[in-house]
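Structure in structure tokens, see below.
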Amino acid sequence: MKRATVLVGVAALAIAVGLWLALTAPADALQGAFSRIINIHVPSLWLAFLAFGVTAFGSIMWLWKKRPRWDRLAMASAEVGVLFTAIGIATGMIWGQRVWGTAWDWGDPRLATTAVMFFVYLGYLALRGAIDDPVVRARRSAILGAVAVVQVPLVYFSVNMFRTLHQTQSIRPDGSTMPREMLVAMLVNLAAFTLLYVALVVARMEVAEAEESAAEREAMAGAEVKPPRLSEVGDV
Amino acid sequence: MALLCSLRQVGVSLGGKTILRDIDFDLHPRQVIGIAGPNGSGKTTLVRTLATLVRIDRGQGTVLGADLGTDQVYEVRSEVGLMGHRPAVIPELTITENLEHVCRLAALELSRARSALGVVGLEDAARTRAGAASHGMLRRLEVARLLLTRPRLLLLDEATHGLDSSAQELIDALIARTVAGGGAAVMVSHDAERLSTSCDAVMGLAVGRLVAGA
Amino acid sequence: MSFGDQTLELARVDLALERRLGESFRIIAPFALVALAMFPMALGLRITLVSEIGTAVFWALGILFGMQVALRRSSTDDRERRDLHALLGVDPAARFAGRVLAGSLLTTAFLVVLFVAMVLLYGPRLPLAAAPAIALSIVMVAVGLSELGTLAGEIAWGLRDRTALASLIVAPLAIPLLVAGSQTFEAIAAGAGILPWVLLMLTTDLALAVAGVAMARPLEEATR
């Protein structure tokens, strides 16, 4: 657990710095202090997509190399990813309610894709929960992870073919639309959240490895059945 | 002559449990080997491993020249015949339809299904739905299938269990024909006595390990 | 035996089983029709609204119940039948293709029944001249749903919660089909071109076909 503990500590420190920067940076002229929510919203959604990509990557690597750690990576990333996806969607809805006047904008492909991804994660984790055999579980969830990564971009394209109302991305290469301090705060938070993601994934992978080796030790086929004590049949 | 099956230090885990460990096993052409073991000793898993249907987790093995764990197994699977401890039939189809399905997938003429049913004594039951047929009838149906597909490697998992003597003789005849054609058979049962009457040698399987003599 | 012959034989047997089990048209279709009748009842007598939402309700129910057709009981094999097919030398990709073929036919028939019922109950504004375009979108969505259902059914094969779990897997991934199908009808009603939506359905169907064939062997190994 050493590596994970150190990482979690560093991530907590980084989050604290990010939070302080987010709360002290000057507020957006139009949206006021409320705009500070993007310091959580944007990093969460970035991690939602990153985690989904890492799950797909772990899945494909497992199918190729068949090493248990790729399966653990895919699983850990999905579990952490579903958390950040939920946070990203929730903060987005709060922000949308305030700024657009509606919590959910059906014409926004990013929103729809994130929601679909959230349910794909839930299906992925439900599938894992339903299978006991570690190898069967790894194989089937890897296949789902690989198929989902083909299908999710199609969700994006399909909704993108509707009209989009979403405001343009906030970070632009040529001059930002954000005050400098706010941009710095958000970038620090992006880094801090990413660190937190890495720390949680590493910790989850270590727990999974410990669980698997414990399960392996106690699993011995045929060992549970002892010869019946025939002389005692009458006593039962 | 080349070995039909060869397993070296093979280990298999299923459902997170070790089912087979350190299995060394050779099968020569024209050999009939019996494997006896109590319930839960890993007999079915061993048979399915030899049928290339179970992935091996440790060790290595070849079946009909194909390395287990590689795509080579797809090339040899049609030469393996398996009679599992539950009959492989589609219950909603009739006995004839089941055999015709096999003929179509094995690229055999449909008329051969009818004559094979006659050989195993099922001509009068041809229109019975497999789901409504008795265990003995389904076993005869499986013998008909294996007579048609002519596997080189015949694997029988508790195949004679609960059968009348004429059905048992039918299975012995199937084994005899397979062996006469240069093939080999592995019979698995909890009944070592029954195995010793049909097999050249009987091995024992206990808690996932194979031991010579039973 | 060739890939095509294996595919046809497996599809033939799937359809023969469905004819005997009758799950698709004796259980799933009536259930979907009840659901179809519930929307106008919930809306009361707002006739214009009913005719406006008709096509949208058709696609939403078509996707949800169509995937149940794709996941019907006759689309799953027990272990013995899987072993039998494997040892008869059936190509895993042919198993996928055969199942998709049978599923596509059944899902198409199901969607046609649902569509006719929707037209009768909701009275949507769809020109008769658009019949070929409507048929095309129904077939293409049926193929995509059947591919997704076959993949998800295999992934969840042998698990206690197979149907519910596979439905959870299929539903979010079927969104492109839902969008393309419903937007095709919108475009027809508005007199606009349907080509972008047809291309979207085609892309989805092809992507799933490639995924199904590529994953056929790993899936076969995963269910042993």
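Per-chain residue numbering starts at 1, and chain names A, B and C are given in the order in which the chains are listed.
The working rule: a residue touches a chain if its C-beta (ideal position, glycine included) is under 8 Å from a C-beta of that chain, and two chains touch if they have at least 3 such contacts.
Predicted model, so just to flag it, every value in this text is computed and none were measured.
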Request  = By the contact definition above, name the pair with the higher C-beta contact count: A-C or A-B.
outcome  = A-C
Query = Central chain, going by Cα centroids?
reply = C
Inquiry  = Just the number, please: Cα centre separation of chain B and chain C in whole Å.
reply    = 37
Task = Averaging only over C-alpha atoms, locate the centres of chain A and chain C and give their separation in whole Å.
result = 30
Inquiry  = Can you compute the centre-to-centre distance for chain A and chain B, using the mean CA position of each chain? Integer Å is fine.
reply    = 46
Request  = Check each residue of chain C and list the ones that touch at least two other chains.
outcome  = 221
Request  = Could you list which residues of chain B touch at least two other chains?
outcome  = 55
Key: Sites on chain A at which at least two other chains make contact   = 136
Query = Any idea which chain A residues touch chain C in the complex?
reply = 63, 112, 116-117, 119-120, 122-124, 126-127, 130-131, 136, 139-140, 142-144, 146-148, 150-152, 154-155, 157-159, 161-162
Key: Interfacial residue positions of chain B with respect to chain A in the complex   = 13-20, 38-42, 55, 57, 206-208
Task = Under the touch definition given earlier, write down the residues of chain B that touch chain C in their complex.
result = 48, 51, 53-55, 71, 74, 77-78, 80-82, 84, 86-90, 92-93, 97, 101-102, 104-107, 149, 151
Request  = Would you pull the chain C residues touching chain A in the complex into a rising list?
outcome  = 151, 155-156, 159-161, 165, 168-169, 171-173, 175-176, 179-180, 183, 196-197, 200, 203-204, 207-208, 211, 215, 218-219, 221-223
Remark   = Listed in rising order, chain A residues that touch chain B in their complex are 132-136, 215-216, 219-223, 225
